[in-house]
Amino acid sequence: MTQPSWPQGLPSNFGGLDEEFSGFDRSRIAVLPVPYDFSTTYQSGTRAGPRAMIEASRNMEVWDDELGATYRAGIHTLPEVEPTALGPEAMVERVERAVGWILEHGKIPAMFGGEHSISTGAVRAAKRTFPNLSVLQIDAHADMRDEYLDSPYCHACVMRRIRELVPAASVGIRSLSEEEAEHLEAHPAPIWSTRQFRALRGEWGGILEALTEDVFITFDVDGLDPSIMPGTGTPEPGGLDWYEAVDLMAAVAARKRIVGFDIVELAPIAGQVGSDFLCARLAYRMMGLALSSAKR
Amino acid sequence: MTQPSWPQGLPSNFGGLDEEFSGFDRSRIAVLPVPYDFSTTYQSGTRAGPRAMIEASRNMEVWDDELGATYRAGIHTLPEVEPTALGPEAMVERVERAVGWILEHGKIPAMFGGEHSISTGAVRAAKRTFPNLSVLQIDAHADMRDEYLDSPYCHACVMRRIRELVPAASVGIRSLSEEEAEHLEAHPAPIWSTRQFRALRGEWGGILEALTEDVFITFDVDGLDPSIMPGTGTPEPGGLDWYEAVDLMAAVAARKRIVGFDIVELAPIAGQVGSDFLCARLAYRMMGLALSSAKR
Amino acid sequence: MTQPSWPQGLPSNFGGLDEEFSGFDRSRIAVLPVPYDFSTTYQSGTRAGPRAMIEASRNMEVWDDELGATYRAGIHTLPEVEPTALGPEAMVERVERAVGWILEHGKIPAMFGGEHSISTGAVRAAKRTFPNLSVLQIDAHADMRDEYLDSPYCHACVMRRIRELVPAASVGIRSLSEEEAEHLEAHPAPIWSTRQFRALRGEWGGILEALTEDVFITFDVDGLDPSIMPGTGTPEPGGLDWYEAVDLMAAVAARKRIVGFDIVELAPIAGQVGSDFLCARLAYRMMGLALSSAKR
Amino acid sequence: MTQPSWPQGLPSNFGGLDEEFSGFDRSRIAVLPVPYDFSTTYQSGTRAGPRAMIEASRNMEVWDDELGATYRAGIHTLPEVEPTALGPEAMVERVERAVGWILEHGKIPAMFGGEHSISTGAVRAAKRTFPNLSVLQIDAHADMRDEYLDSPYCHACVMRRIRELVPAASVGIRSLSEEEAEHLEAHPAPIWSTRQFRALRGEWGGILEALTEDVFITFDVDGLDPSIMPGTGTPEPGGLDWYEAVDLMAAVAARKRIVGFDIVELAPIAGQVGSDFLCARLAYRMMGLALSSAKR
Amino acid sequence: MTQPSWPQGLPSNFGGLDEEFSGFDRSRIAVLPVPYDFSTTYQSGTRAGPRAMIEASRNMEVWDDELGATYRAGIHTLPEVEPTALGPEAMVERVERAVGWILEHGKIPAMFGGEHSISTGAVRAAKRTFPNLSVLQIDAHADMRDEYLDSPYCHACVMRRIRELVPAASVGIRSLSEEEAEHLEAHPAPIWSTRQFRALRGEWGGILEALTEDVFITFDVDGLDPSIMPGTGTPEPGGLDWYEAVDLMAAVAARKRIVGFDIVELAPIAGQVGSDFLCARLAYRMMGLALSSAKR
Amino acid sequence: MTQPSWPQGLPSNFGGLDEEFSGFDRSRIAVLPVPYDFSTTYQSGTRAGPRAMIEASRNMEVWDDELGATYRAGIHTLPEVEPTALGPEAMVERVERAVGWILEHGKIPAMFGGEHSISTGAVRAAKRTFPNLSVLQIDAHADMRDEYLDSPYCHACVMRRIRELVPAASVGIRSLSEEEAEHLEAHPAPIWSTRQFRALRGEWGGILEALTEDVFITFDVDGLDPSIMPGTGTPEPGGLDWYEAVDLMAAVAARKRIVGFDIVELAPIAGQVGSDFLCARLAYRMMGLALSSAKR
């Protein structure tokens, strides 16, 4: 095909990047969109999350004001993973396959949800490549139920499944069911509510110690305060602010290797791009941090 | 409990009816809310449909301007059926159980969806009680796929499953996949597009002949024109108008017995109650028609 | 009626509580929905507030992460108080009757508005039961006009009326009319703007001293910052954050008895549940604090 | 004041008209905005109706494609009538005063609501000037209750009050309470549902006969079909279309004198101007018809 | 790049077509997205039109229920034309270049706007390839101003410019400025309002006679009724319905050659996909008609 | 014209002020609405900004809780500047003319945008009157591109143009293109990101030193945090809060003379007045500060 000669809009990939910086082979980062929300119960809409993040990212400067020209490492946007209607367990397996494929190709996976249930698949895949894996969870909810809506793979159970597999530290947690509270009473885990996190006043050694050398970050956007992240299904008051979240991850990047990450539970609000745009910025920052952490 | 003595708002049931006209035992109609939308793919939100219909119905006059005081036959609103995350097949079974329970108690089921996949369960239950059952489908889509998103019980397959069970006539159909078009070419079925339906100019004998004596109506609201029913996931242009839809059902009621019905695929639009309100009116009209048809 | 046997959704009351924890007789708390907004002038919609709060509360964990299983004390949701079109004075009387009824039955009233004008009725009723009553107002506006839109019982006059009845302390106030500024110049009252409240740096003795032993809290949600509470009619910049608000009330609960409260002026934003959800959490926290304060 | 010399936007009055065509003295038409909605119960927001109509009218061509340059007769936009919180009866009196003032100045009143309750005031004033007055009501609802929310002047009672005063013909009516149905059974009135109106096939003599020589039109926008008028509080399916409504009024204008009119119950939908724009066009058409009818 | 092996979502092009049916070389149709809306004045947002149409088309069955498997002819989606801020004249030139490029490659251009001003560029390019060109305009507005907002290339002038170049027939026109009415009085043109079009009762010979053999269709979506097309900047009541529009175009295709088309002025409404979806269907129908007409 | 005698709503000007406080001659402040957004690219809608601010201001108390009765100095609202479609350069010239006219009449200009490109015109005019002018920019974006969308006068270039004319200090900047980052590396300018600004802990001497005696403030609302200002086209996380912004300007007012200001890039969100209301309050505060600074 002869190339069109008129001025064209940016490509429809993460960052709106030209082939030079988004071709698969030359890219260090692989974005995996997973528009799955078949087991949420209150407000739906996370299926539109990946697309909204990518669209927003096309209108974002790809110069990160704190990390610079992250895009030069290459960011490839993969096709979406098609949802399955057979329930979250089947979807977790599909995600595991896709993330495994990314890792086999030596890329850093950046998975965009969709609901939180998909993270189990990503962590399973990462655990195979990085046996010394641990998980940093940013979230409002413990997600430690043993079963929900008849399935042990629902979004409300995702950290229960992940903690069975790898160590995990959780920050921002401020909502638990009674069952989860009792479980955590019996089986303590390294979890910090927003209040507890703020009480650390930047002394985050305890969080870092709960993590191993290789870290996968699962970022449920409801860990952030609803004021800056209204676009999520269950917006719990009292969450993290922007600088708290990115500074914590920068601290992790300075001491650990970030081997992949996901951003889940963005449920875009029609006509209000703030949440989408924040997620695009967040993803880009996390890509930069993952790259810098990988250099060590 | 002493009864509060101040003026109170209407009860939160269909029609906002007092105990006298909504108690279970004295009610001829049983409303079953099924807020399930775990297998839709484009726009989500049908889980909010049942609640929106019931809320709208509280603001509707319960005097039907064509049928009168339908409510006097009693309309009981049941608790919602809880969704399961195990996939549409499991949900179909749960719905079958619930609708069966209603029929066993001698009530006319009025099921409010939720996505269309649930209708398979309702028809299965009705078939057990009414062996001579047939189904009238109002819909924009044939819903005749053999499988969708890995499941044969997805909303896109519902009429394929139902037609395996009972005869069915379909009106308003104006969207098929190529697979469905080929299937219907090979296995013709009594289906009328909006154009074909209008070409009948009220001579609906052919439709009635495709039905048996006992009819269950499955009303996918996207059968209506998007102008009057914007609140649905896949609004196909060129649908039925209000009078076409209610007149067709009145003609059915005049010749057949309507043993139950569902209204599915209402996905309420935030801040715009028109779709919800139409569904409330539609449900109330269908209740009146079912009652009148049962008198024969 | 035979109980349905299929898995059911949560009941439509505050917290989605089973009869065991929501029956009237066994409940310490009584939620009174008052969907009244007949005298607001800018943005309307507070009539939808009570319903939105209750709906949101069904999706909230009833384990309060700071206070635990508040629901075990029992929370009964009463029918709505029907609005009257005869003006705010008539409505105030109706509310007084309803709240009085709750207090006579020994429950703690949790009134959900609706516009602020209804609080006069609640305070009048509480004053009868608790002669030593005072009021803590969280609000952006002084609400100290003597008359508004021809009525001395409008929302803009509510604290003028209440202060004629009982002592009151006000926090978050950052909007006054010139008339109110002059009145307060002439008749000083214990009022803290957000700036003044923050300047206290947690030394809240002065606020507590302005209150008597028995405190009714009237919480106009516009006292909170619009970032966390966009869903209100007149969102004034520079309000309280979540932790400031709940910590202040915890301090009150630690020293006083909270005999009842209201949450008013929530005007839900269609398609954006954050404000509703915060109010549900806020109500639940206030219930827990009221219960704990009552133990002293 | 020296006149600014840069190109300026259109003035903020109906039609965006220059002083030449909007000055009070030279105007035949007087627009009266009445942003009152203190007694509606389901969806609120009609207070924003007048402003939305005027704003939309600024973006409308003032060349009416069927009637031409109506604006040349002069259209003056008056200041808004301030709502009173003392209930609909007080508001009706205030409206009566304002419309009376317009009529005393020899203008044709074009009142923009606001809820329907205000029409009683307009008709009272018009009756004083035109003793031989009758009313044409376009509406979905009979509005024939004797009392609603404790007041006989509520929107739901407006035609009961008006019919006590003058003869009236009603078109589009398709929603009544049981009480109203019984009342109309006992006291028949010239009322046509959409079906009945359509059955006339343009033979509107009966409607015209029910009217006197001098006609005030009260146009509740829910008389139109919700497909073209979604922006109203209680959108009843099965209403009039655009051409039916304007053609009926043209027929009235051809035989009677239209001495004034109102358009009520527009509740603008945020972000969707279609309803507002239709009302602007409708108002402009009605102005043109009133002027042409006055020539006879 | 190794092909990912997991089930993937549909590609992000018109129809969600695989390379087989969307590769440039094998495609008969070329979709050109032009997200330009720098000269609209009332409601903005047409810049989002192309993307919304393409997104909606991915959820549309590519089996046209009246024309069948149109997609098999190949539909390639080009990159967006980047807007220029230098004013509509510069943009018209850019569009002319892009459409010219499509025609040089022997494809049928399907241009998705953006505001109507871009059509001048498309017609200019088509005129070069098809000297015997004429234009069928579907529109609510005459768009016959000589200048608007200082530019003769504004959307409000587009048909004035086009008529200077080629003959044109216009259908649906129901809004003109006084200047345009006078111009058309002096220079009559073949224009049918909705009323006039309906009065033809399908006898469309006059419209066809006003067209030459080679026809470019410029479809301003506000030509349709606002009930089915709320998503446009200036929704004029009384427009065409779905079947009127597609049947007229089918009649043109049966007698003329459709050499290209545009669909302009879609301004998507956040959270309400009906307008977008109709445009996707409309585009697909027009593609099928253009292909069938080209066979003659 | 005889004055109407019924109670009337507030006038439609900034603050809803009576003639006494809004007449041109007696007013110290002149509000200039510029509803221009012909070169924005992501989210449109700033054309609705001026109107939304003025409408919100009518519902704001004109008693500033920190500065008192600012309105007594007189605030006149001018007619809107009509946009031109000829590109931003032509618009800049038009704005320069309008602001120059205000300054010639000895008023303080308060310009309400519209997109940021218009500020170049305002600063040019102010520079003519105040040769010793400098500019304080509050913004998320550097706006230092040399050209954008083919024009050197686009919103993305506004500070590049302004800095060619006068010195400028910028606060809140957290988004730059790579081109801008390189330009600023080569040509350092006094710019503070939110982080850098907060690190000053109120020691703002450096900012003040970068300004001359006469200061024009250009306030792009995206300088504020998206949590309090969601209604803007490109909401960048990590912005200023309300008190930071107003306190910085108060510090400027205490040491410099504020000779005019603009508030730009408000893109109102339908159905959510928080952003509009904040801008109204912000404008009113800035008016008060400008007046107090002028007294020195």
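Lettered A, B, C, D, E and F in written order, each chain numbered from 1.
The definition used in the following text is that contacts are C-beta pairs under 8 Å (C-beta built on N, C-alpha and C of every residue); 3 or more make two chains touch, one makes a residue touch a chain.
Computed from a predicted structure; not experimentally measured.
Colleague: Moving only between chains that touch, what is the shortest number of steps from chain B to chain D?
Modeller: The least step count works out to 1.
Colleague: From chain C, what is the lowest number of touch steps before chain F is reached?
Modeller: The fewest touching-chain steps linking chain C to chain F number 1.
Colleague: With over half of the numbers shared counting as same, classify the chain A/chain C interface as same or different.
Modeller: Chain A and chain C contact each other through largely non-matching residue numbers.
Colleague: Would you kindly give the rotation angle relating chain D to chain E, two copies of one sequence, based on a CA superposition and rounded to a multiple of 5 degrees?
Modeller: 120
Colleague: Roughly how far is chain D from chain F, going centre to centre by Cα mean, in whole Å?
Modeller: 40
Colleague: Suppose each chain is reduced to the average of its Cα coordinates; what separation in Å results between chain A and chain F?
Modeller: Centre separation, chain A to chain F: 37 Å.
Colleague: Of all residues in chain A, which are in touch with two or more distinct other chains?
Modeller: Touching at least two other chains: 41, 82, 84, 225, 227-228, 230, 270-272.
Colleague: I'd like to see which chains touch which, written out pair by pair.
Modeller: Applying the touch criterion to every chain pair yields A-B, A-C, A-E, A-F, B-C, B-D, B-E, C-D, C-F, D-E, D-F, E-F.
Colleague: Using the touch definition from the top, list the residues of chain C that touch chain B in their complex.
Modeller: Interface residues on chain C, with respect to chain B: 1-2, 4-9, 11-12, 23-25, 33, 35, 51, 55, 78-82, 84, 94, 97-98, 101, 105, 270-272.
Colleague: Residues of chain C touching chain A in their complex?
Modeller: 59-63, 65, 68-69, 225, 227-228, 230, 242-243, 271-274, 277-278, 281-282
Colleague: Going by the contact rule at the top, pick out the chain C residues touching chain F in the complex.
Modeller: Touching chain F from chain C are residues 41-43, 173-178, 180-181, 193, 195, 225-228, 230, 234-238, 269-270, 272.
Colleague: Applying the document's contact rule, which stretches of chain E touch chain F when the two form their complex?
Modeller: So the residues of chain E in touch with chain F come to 37-39, 41, 44-45, 47, 82-88, 90, 148-151, 153-154, 270.
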